[in-house]
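Below: a set of structures, written as structure tokens.
Same chain, two partners: subunit A is paired with subunit B first, then with subunit C.
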Partner chain A sequence: MRESTLWLAFMISAILLIGFGAYHILYFGSAMLSIPPGQTYHEKISYELVHERAKSLFFTVMYVVFLAVALYHATYGIRSSILEFTSGSRKGKVAVLVLAAIAILAFIYGCYAVIVTHLMAVGG
Partner chain B sequence: MSSQTQTLEEKAQTIVFKIFRYDASKGKSPTFRSYKVPVVRGMTVLDALLYIRQNLDPTISFRVSCRMGICGSCGMLINMVPRLACQTQILPLKAKVIELAPLPNFPVIKDLVVDMDGFFEKHKEVKPYLYRIDRAEQENPKGEYLQTPQELEAYLQFAYCIKCGLCYSACPTTATDKKFLGPQALSQSYRYSADSRDQGFKLRVPVVDDPHGLWRCHFAGACSYVCPKGVDPALAIQLMKKAVITGKKPLPLR
Partner chain C sequence: MARRKPGRRSLLKTYPNLEGVVGWAGSIGFNLERYLYTLHRVTGYIMFIYLLLHVFVTSSRAFGPEAWAAAMGSLSGPLFHIGEFILFLVVLFHGANGIRLFLAELGLGLGRPARPVYPYRPAFRRLLPKVILYIILAIWVIFFALGYYDWFLLGV
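Up next is the complex of A and B:
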């Protein structure tokens, strides 16, 4: 893939992260600051409410996309540092491959957690 | 001795020059050696170096040619800032001790002389010349290519580059990534791509759109800060990024 495409995706992921991050923080932060919808923080992270949210397809899809975007953004940043400090050496290339493998594993594990929670909530 | 010369000597301040001494062929550790130079108003660092070589130490090595900021030969680290020795007056530096060292990010050959081969190789990689798809036209142009003032403005400031290497030595990315093309080559890729007479943009894209090309620039801006000709390589890199992303030859600036 062209380097410019990877960089453009990195920039788009940064913009998306602002949106997802803001939503995440405001959603839970609003509870912390007792801003409507009026629940307290402890209520909001209570098992019942988490279970209720896990039923929502919107939350499930949002967190999978959020995870993908955050992982891509972080991985690209670390890859840039590796490329810079290893000047394209074999060690650097191996490090980038290992990094990509870790990111993919983290994404699979994260998706598993989110999707299984959703299925359990819907099923149960 | 004329009275004018006498007056100048009376007015001279003594400035200590700490100069990096190293000979790669001998392989000994580098050292700094100090020289006391009488300095009067208007003297440049290059004048001081010529004074040292003529009067104090004929073994010192440095590059010099035009002595007026055009050839770009005398780039060196003057009090930790990459500058041209011929353009740097001594007294405005307001320092009693002036340290001279070779440009960073270049291998040292001897004293203040660095090996610029790698730098010029990177420069050549971006095809720094006007390219025409019609090869016969390239070799034997049929006539002149006219440009509007706006078309000239699109690349003019970047055409002032004298390839002195100061931007390359100041760049933090070049310091860490030896394969990074560097601000000089990248800005020249823009300079030629933005030229209305050039048709080589698509040829330059694969060179600069590389893991060690445009996208490693952190926009630190050190290149633009040290350029002795007022070129803004950091701007050229950002404009080239835009051109590569859109896939369109750069248009004249508005």
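Up next is the complex of A and C:
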């Protein structure tokens, strides 16, 4: 893929992450601006509510997209600094490949957990 | 005859980036934007490590309520609470500075491209990018205060 396309995707992922990140922080981490109101942090992370949220297709899809976007953004960002240090050397290329492998594994594992939880919740 | 590989000293003269991470800490002509750039990268690395741990920990829900309770139980205590707040500051900084960089990428307030005639005037020395920078820093300070109130005084 062309470098300019990767860069554009990086910028788009940054915009998406600001929206996703703000929602995620307000949903789980805020007492003042809690989304939804009336639920404490400890209630939100209780297994019952986690299970309840997992029934929602919206949350399931959002988690997968959020994870993909976050991992892409992070991987591209770290790749930039690796390339800056290594100036296209073989070591640098290997480091980028290892980084990409870590990101792909994290994505697969995260998606597995999200989808399995969704299927468990929907199935009863 | 094989060409001799250039030494690190001569490479550094040609490619100043080869100073590596040390070069991020400071150099001649460093200004606030350069330090924000360094901090942006450092916060980015922290967030990447956190993201991997977060995926690993929250995925425990796929293995039943006991696994979930054990994972959540390992993440409690005052030290974790402080760590969460620091993470909030890291995310906030990276996001706010990222917006600034995004606006700069779009060329907002940088003016039209001009010939580099001495004495050079960097585009970032213009008024609007400076105003954006101070607004971003102000946002960070405001959210720092709000976050502190939220995390430690209200008790999430």
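In the analysis below, the second predicted complex is superposed on the first by the 116 of 124 C-alpha atoms of A that agree within 3 Å, B and C clash if a C-alpha of one lies under 4 Å from a C-alpha of the other, contacts with A are read in each partner's own complex, and residues count from 1 in each chain.
By our rule, a residue touches a chain if its C-beta (ideal position, glycine included) is under 8 Å from a C-beta of that chain, and two chains touch if they have at least 3 such contacts.
Computed from a predicted structure; not experimentally measured.
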Subunit B versus subunit C as contact partner of A:88, first or second or both or neither: first
Partner chain in contact with A:25 - subunit B first, subunit C second, else both or neither: second
A:8 touches, of subunit B and subunit C: first, second, both or neither? first
Partner chain(s) touched by A:74 [first = subunit B, second = subunit C, both, neither]: second
Dominant contact partner of subunit A by residue count, subunit C or subunit B: C
Shared contact residues on subunit A - subunit B and subunit C: 84-85, 87
Residue numbers on subunit A that touch subunit B, as the complex places them: 2-4, 6-8, 80, 83-85, 87-88
Subunit C - residues contacting subunit A, complex: 15, 17-18, 20-21, 41, 44-45, 47-48, 51-52, 55-56, 58-62, 65, 68-69, 72, 84, 88, 91, 95, 98-99, 102, 105, 146, 149-151, 154-156
For the subunit B and subunit A complex, residues of the former touching the latter: 173, 176-180, 209-216, 241, 244-245
Residues of subunit A touching subunit C in the complex: 11, 14-15, 17-18, 21-22, 25, 29-32, 40-41, 45, 47, 50-51, 54, 67, 70-71, 74, 77-78, 81, 84-85, 87, 102, 106, 109-110, 112-114, 116-117, 120
